[in-house]
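Labels for the chains are A, B, C and D, by order of writing; each one numbers its residues from 1.
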Amino acid sequence: MSDPTKHILLMDGPDRKGLIYHVTGVLYRHNLNIIHNAEYVSPAGHFFMRTEFEGLFDSDALLSELHSAMPDPSHDTENIVDVPDDMTDRHNITFRLNPKRRKKIVVMVTKEHHCLGELLIRYAFDELDADILAVVSNYNLLQPLVSKFGIPFHHVSHEGLSREEHEAAILRTLSIYEPEYLVLAKYMRVLTPAFVNHFPNRIINIHHSFLPAFVGANPYRQAYERGVKIIGATAHFVNNDLDEGPIIAQSVQEVDHRHTATDMATKGKDVEKIVLSQALKLVFSDRVFISGNRAIVL
Amino acid sequence: MSDPTKHILLMDGPDRKGLIYHVTGVLYRHNLNIIHNAEYVSPAGHFFMRTEFEGLFDSDALLSELHSAMPDPSHDTENIVDVPDDMTDRHNITFRLNPKRRKKIVVMVTKEHHCLGELLIRYAFDELDADILAVVSNYNLLQPLVSKFGIPFHHVSHEGLSREEHEAAILRTLSIYEPEYLVLAKYMRVLTPAFVNHFPNRIINIHHSFLPAFVGANPYRQAYERGVKIIGATAHFVNNDLDEGPIIAQSVQEVDHRHTATDMATKGKDVEKIVLSQALKLVFSDRVFISGNRAIVL
Amino acid sequence: MSDPTKHILLMDGPDRKGLIYHVTGVLYRHNLNIIHNAEYVSPAGHFFMRTEFEGLFDSDALLSELHSAMPDPSHDTENIVDVPDDMTDRHNITFRLNPKRRKKIVVMVTKEHHCLGELLIRYAFDELDADILAVVSNYNLLQPLVSKFGIPFHHVSHEGLSREEHEAAILRTLSIYEPEYLVLAKYMRVLTPAFVNHFPNRIINIHHSFLPAFVGANPYRQAYERGVKIIGATAHFVNNDLDEGPIIAQSVQEVDHRHTATDMATKGKDVEKIVLSQALKLVFSDRVFISGNRAIVL
Amino acid sequence: MSDPTKHILLMDGPDRKGLIYHVTGVLYRHNLNIIHNAEYVSPAGHFFMRTEFEGLFDSDALLSELHSAMPDPSHDTENIVDVPDDMTDRHNITFRLNPKRRKKIVVMVTKEHHCLGELLIRYAFDELDADILAVVSNYNLLQPLVSKFGIPFHHVSHEGLSREEHEAAILRTLSIYEPEYLVLAKYMRVLTPAFVNHFPNRIINIHHSFLPAFVGANPYRQAYERGVKIIGATAHFVNNDLDEGPIIAQSVQEVDHRHTATDMATKGKDVEKIVLSQALKLVFSDRVFISGNRAIVL
């Protein structure tokens, strides 16, 4: 029997009539009390639900009963257009009961310290909902900072290596830790699709953003030259393009013509580190689902 | 039979186990498809739910079955501490099915036009989800604006009248229209509790707000003298204090020392009118519930 | 002699040593009191100054003396790299004394009313610092709104016309009014460089903006599909690309996955109209200078 | 002779005609080039100016000439109503030339680490424009964090001491370091006016803020119960009330009914630490002047 604290059930599958009814019915018959429930149905007909509940139960029995209770889709298939790959029962519905609360992560950085410092301080005071197993960098500049917090630091230089060789070296280092998530805390090298495919929807990146967006080198210089009045940052999952993928969180700050490109970068860093931290908090508390190229925060 | 477009069910009552299950079960047995469902349980144990669904049904039968399906609270009453007054069944649970979508409102103003103008333009283009039956003012300054839009304008002067006499005159005017909501779009007189009690949770006010808050006359002057860097506005229900009551929406804008008190007021008005409009949109689409002194937006 | 109220002096030219000193010296010798002074020197070495002052003076004498007082650039030319075209004295320095306070503008629209309605209400209450001489549209949809405010409305349809023919027709209409500024209040057709060149830095546009930016048709749909958490709007001068040119003002609002593309567009419109109005206020009070592709707000 | 890098001149005194002219004249005659100049005249007639310039000069000669060049106020005294106490010449005008760029500060904390951690990381990477001489706390909870960064930590417990005795103990510790500024990075004890008077306009505090403001214990609980939609933070100088004094910087974040009081506090901390850091950056770069109860940021 689980202990009687708060539990979390995540559910994900093609939408059909009665899903909420059948799931809540199983919880009701087990005498479990729903504290918070949030659902979302995508326009493409995919159903997402996150349920917080309390009470005593047997996990295997509950999961088994949940699967059995699912309504037969045969009479109600016209909506199903968005079938993900990771389905786990005959109805293509995935249940996850009490996903592990402390995620295991590796942080990847290059030279900038602002996001890393933020994560280390939060980790030191147990505010991250995750364990930082290690920090990996293509430079050794941030080793002194990491060592203050007693966390392994791996300098995996890219010098003299092809992109594939460098990524292979990183993967060897990561294989020591088997992290559930990679956090790119200003890791400034483009990752190959082959690398990204090792961590589907498990790589989180922070990216400066502007209105309008500036592509190419030195975006803060471009933003300055265009005279933007707002700068921002975007935390997102990485799929096959470093700066693309479902957006988890965004925020902005105002600037004006008195800000130099350097001032904008300084203010931008403040936004970046807070947005990254807030995005990680959402992901690590299992509140984020992915629907196509969108992140749904329940 | 209702037509097969989107329907809304609102539910409100003391929390107990199985509420979601029993309600969604009734909808399932009627072959109705839930499009969107949002619940909230207050810390005091009150349950709120807003359900959007589609399908054909008989309203009386559905409501009757919903009431019958409610679980018996006798075994599960320990949580019930927050019982509102408007309960409608033996379980103290209120259901509202398809609340009328176009609300009937009267707008009250004094001399400032910015919020009124905003509402009139939105109304003229059918963006308000409400019918403005009339505008009532203690001055006649805004009559020309209102007349452009073909809406009755009532000048109910307070001159020479006691507060009670003036409110009695306003109530006589309002009795012509029987509005569901009163919108105080910069109505600058304090309302008595007796007046407010005629419209429980049905008066919406817009109020300038600051960090920190300034009490008393000429708040923009006070904000200027304190050198605030942010000004804002708050849309809220009115209970017994003009500037108190559950907060529906808030927003802010940045200012700096170059802004005079007048500049701050000008920027503040921009915030006020947008926040008021966005709050009305939420209320008139039946997304706002009141829990104690909080407004829950589902 | 001018009357003793507040006056404005605008100055613009290649930077050199002593500019502030010499200008303020002329004002001092005329016994004029500076209330507010703001300068900006661009990285390219261009100097901008906006001075508010009070006192009695003869305009011609003051301007003549200002020109005479300018330091000889011959010893100090190494910085001059950014020479604009509209210089008016031997030192390439432009002075503008008391630019006319009420600008004459024509507003151009297509079908959307939100920005136009905002401008009309502000104009009706004399808050625009400008006279709306006329509204020009390629549709007649907004004629009823404009007529409420007693302003000429010109329907210049583009049907059956080439882009050049249509713009020629618009120019004929504009020639009646000789506006100082064109305000594109959701005018949804691309303007040719030839048209834009008739109004250098005198066309102001409002553009939706996102983090990241979305190019092409239906940006709100694209923003929705990417799951953005922030939407915004940008008011800018138009040069040769409808959506480019110096940025005057920007603002944002938060959204989340529960917002449909339509909801995002609705919230976006609220931002658009306020940003456009605030940008116009800055331009019409002669606070905006253009430096390269940047708008400097003094 | 000073080296030919950027210099800063701060000026502060009763407004009169010709101040900008006379100061810029001295710089011009010394062949110094003004890079950036910002002035402000308070409604009460006090003049503030911050000038950045470059070139070679003798500091004593320059300051002496600046004082000599000031216009005689005898003919122009009607505006002088706001005379501060720290005047340094016969005209009551203060000049400060090249104020020391790295300030010496002591940080005071109680139990919360978020602001302190932020300052330590910035300090470790030389981003603070100040040296943290020591950290003083009435608890020893944050000693391990501080020691990671090699900074002295003083635990000055208040237990068993009167407020005056405790403050005397703190002052003894501070006397070792003679800090120019005290930074209250979530120091949660009220300071007496006697203590504050030791550091006039040299104590900077960070304070949570709300719309509306909540007075008394547990403001996040109050904010939650009122259902606020925005939370914020205010960095300000401390005068005789811990939560009052000129406001340097403010910022906000959005929340909604799904945020518990704890969630609000968590988000509030993110705002607090960024606002405090940004305020310190402004103060330590000598951009902040105090006018009455307002902070002017030039």
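Keep this in mind: contacts are C-beta pairs under 8 Å (C-beta built on N, C-alpha and C of every residue); 3 or more make two chains touch, one makes a residue touch a chain.
For clarity, every value in this text was computed on a predicted model and none was experimentally measured.
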{"item": "Farthest-lying chain, centroid of Cα atoms versus that of chain B", "value": "D"}
{"item": "Classification of the chain B:chain D interface as same or different, half of numbers criterion", "value": "same"}
{"item": "Geometric centre distance via CA averages, chain D-chain B, whole Å", "value": "42"}
{"item": "CA centroid of chain C to CA centroid of chain D, Å", "value": "36"}
{"item": "For chain B, residues contacting two or more additional chains", "value": "251"}
{"item": "Complex contacts: residues of chain D adjacent to chain C", "value": "17-18, 20-21, 24-25, 27-28, 31-39, 41, 254"}
{"item": "Residues of chain B defined as touching chain C within the complex", "value": "113-114, 117-118, 121, 124-125, 127, 145, 148-149, 251, 253, 266-267, 270, 274, 277-278"}
{"item": "Residues of chain D touching chain B in the complex", "value": "40, 209-213, 224-230, 232, 234, 243, 246-252, 256-258, 292-297"}
